[in-house]
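All remarks here apply to the structure that follows.
Labels for the chains are A, B, C and D, by order of writing; each one numbers its residues from 1.
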């Protein structure tokens, strides 16, 4: 299996009753994901988009064997929904919502770690392993199977980039949206480690932003002797200091938060860093051909 | 969002952390009711950093100096913000200034405690020592104490700092703060610690469980320029940047990527404007209304890559807006994503051109703005 | 300690829990500024339970009724407390009253959530459903929801209750509350929940990190009878009981055991008075000063079983106090524990008798009081 | 070994520098407890009462092999001290202090359970196994070895009672002060279970109070078929409703909190319940002779 999800994953959608839940059920099924159950507490639906609906996660997971959850509930109830998914035995949980209090994200992350599970999110489109399955709502047509692993803090940017890669003939092993919030279920270092250990991934592309410090995890990884080739695009060079750029974590507070500091640290560590979207495909190609070269060398 | 020093100190004080006894004034003549002696510190209350270096804190040895200081501060701008209030406090002699803070750290997956043995405006010279611990229950006073031991020989001070750190953690979780920074934290002649400044950043996402945070958000919104205030009220994410190229975009990362491309091309983006939080006809109409009304904005770039958003629907909305719109500012479209093919057809019918790539749209916009 | 409904509702309101828009008044004529229509509820603000049954909440259909109600409430005692303030609120029609609370539960090793489908003054008829979860992080909304499912068919209501329970938990930890009880919690015609009452008990031990709690403690102390207020100020634990036998004791359990023995013997203890928090000459002197000044107290029993406290030292202190004391109220000593032998000698020298057992000392005291 | 502590236990005192720490070191050593280390952060003492002093618990425990801790620090620092003791590997921790915020007690208890350790306290004199060792500051002369296990919510009352028992010739296997606060490290049910499994204990005496609900744990235990004989004294019958009697948990809020309700529930379950201190020794004797009878019957 690829990282986190493939055709064998059995998925439950928490909050399947809303518009987004319905759309996502159709969309994931169309991509080949096994959506086996939905949960909609407080609604008396039996079925949504052909998917059986249960009263709670325990019932849904025990009836269907689901072990992956995609959660569409508003931020105030998100922590509770994640805890419920974990208690029901889910090993991979995606929470796409934004506007989650950081403290709740911290609690989610801690609970997920305690249970040995993986949480993707908050504030993410989810994860896709092209040609296999997706757990999230990224536009499927942007992706194609391949060997480049993609990690992104931004949803929209990852669609744009995936589409460019696909158009340029560079397929993706998996694309993981780690999300735009400061505290993440799966953070950059952990996503990198997943892709590092994934035999389907030969090189990585990291899509970062100003703010936070997780790009330095990529720099540390790239400096390792056994690192796979890496490329990166860090956006936000035109953003002013002290202003939050949409994402909760995208804010330049000090020098290390800037695009320039991050790009420099990454270049020093050997990452192929794009200057902008214009040369994004180019750096991805560099990383991919470096990986081919390394394969030939060994 | 950051709250003023005064509000921050009230929160510290009500949670058992010592702060000076200060008064808030709204105009210089309120100084006359000050009864706590001189010298005093007169401090501009603004919600942005770097106030100390910008001359926002003045010392006054007597009433004349105090009134002059207040006058000066009320007339000054600090990072574009004019103080509405000043905080007046006794100017206290102290043995030493240190730095203590708690902040959210992405890599730690939660909170980190920060300490520097030399506080004050110089703290940025040397990065504070960091004790990352993540979830609140993982804070270990002995772990933090062990870190301090390497740089802080004074055992009694260390114990006081550790106790205060525990209290900061309690406060941060109680009020959903992302950052609480005490700098300087004064070591008084008797060894006790006193918070001479307070920088508290509240988690906007937690406003649903803190009326104080909602109120602060409302106040902060009102202080923004009208265009931004209206955008935020309309559930669009906007940051004003002051350039020539207006941007109607979707998604924070994509919006920044487009901003960067505009800047690379030698122009300045007028704004960060992310409509993905309200991708409706009303949302897009508002975006155009605001950008059309800004004289600095000479061209508008619409850059959207839709995932859940269906681009044919957006295209139809854009067609309607363009038909009704009175402004003649040129608009450059680059719309891609779900339903792209149908969107192209809709736009052709509406007489609009959809550029194939973001770069080509930006290049066209730049050429237009550069044309005299 | 329990805070008033009004303060409790302020805390609920600032933490995102809906409460009626009320006003606090200190005298009946402040009602005239009420502009929110009639009928209204006029509610005595006292820090004790059972107010509803005691007639502390009155309905008024117009201004005349309101003023009469306010007059009546200000003149009434509720469990010995006269209200300083009244809360005035719209009298709201609602579909149903339920009960929701969070409290500390010893057996659960932490918190428990409480729910009853029928709230109001009748809730004590039937014990609320309990969801014990202990540490805050063990609260599982789905666990609580599952419990509710058995007694609450309305799914939408269930979801609202679960969401509110999560918010109560946040509030309890943020303010160090031991109990937060919303009873009644009204289900409004639109299905939303509104807290019509609020009973919040703060953890006195957490006063060091909540100025609000310290202030409440201070206020509560001032409301006590002078003897109790002075005892608390002197770091003695005192509860006034109003009987004939004054008690100078050490340790809560021992003090209660002595109280029970006095009551078994047919008299009433004058007080619970535990000096173990301040077992110093000053502490014991204060204890005697307070009991000697109370005319109801006809005899004093000194009952101490010292562990860390050395009884020879206590005996010496008692000797000194007896020497200087002017009151002629008889004192009966039963002092045992560490250093008992030396204590006996000290007391003999001071001309005092140490009873061999608590029972013999009490029997002697009872005989003395019964002697006309 | 007896419950929790015996002669082989190696004890560290946190906060040995203060008056109470010094007294307790002398007092415990005099009773035969192995006090092997002390910790006094912020003091530069090398030795207190002949006990070597270390900078922190990790140093103290690794140098001396201590696995039991007695903590004398003020309430605001108590949680941190307990967490330090647990991290240093202590399996039995006593926190005698009172005035601890309930929330901190909850956190202490949760951390102790997570680590599989036992916490006694807050608001307790500690635990003693007469003739073996003590971990706390109860007056030694009140106790003598024997077969009655004692559990008490109150320190002072437990001295008084132990002295009466000893005077009457009833020795004690262990006396555990579970403390007067609502949330306890070791609660009544857990203390009962310890004594139930302790071969040195033949009967139990429970010293309870008004307020809280832990006495009902004894009632549940006594109703078990395999229960050891039990006796109890519940104080506070003369206390008024709604007033806190010194101990944080000693408050009658509702009917179940009262002395009468508790005594009745215990009697129904077969516990020998004393009416007051006057017949305390008598009920203890009943429990002891019941246990002898049961031994003879089998």
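We take it that a residue touches a chain if its C-beta (ideal position, glycine included) is under 8 Å from a C-beta of that chain, and two chains touch if they have at least 3 such contacts.
Model, not experiment: these values are computed from the prediction.
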Centre-of-Cα separation between chain D and chain B, whole angstrom: 52
Between chain B and chain A, distance of the C-alpha-averaged centres to the nearest whole Å: 26
Junction residues of chain B, two or more chains touched: 137, 173, 208-209
Junction residues of chain D, two or more chains touched: 76, 107, 110
Pairwise touch network: line, ring, star, complete, or other: other
Touching pairs among all chains present in the structure: A-B, A-C, B-C, B-D, C-D
Chain B-facing residues of chain C, complex: 13-16, 137, 167, 170, 173-175, 208-212
Chain A - residues contacting chain B, complex: 20, 23, 75-76, 99-103, 106-107, 109-110, 125, 137-139, 141-142, 152-160, 163, 180, 182-184, 187-189, 207, 209-210, 212-214, 216-217, 233, 235-240, 242-250, 254, 259, 275-278
Chain A residues touching chain C - in the complex, by the definition given at the top: 41-44, 55-58, 76-77, 79-80, 83-84, 87, 107, 110-111
Chain A contact footprint on chain C (complex, rising order): 137, 140-142, 145-146, 149, 155-156, 158-159, 162-163, 166
Chain A partner contacts - residues on chain B that touch it in the complex: 48-49, 79, 104-107, 109-111, 124, 134-138, 173, 176, 178, 203-206, 208-209, 237, 239, 241, 250-257, 259-264, 268-269, 272, 274, 276, 305-308, 336-338, 358-359
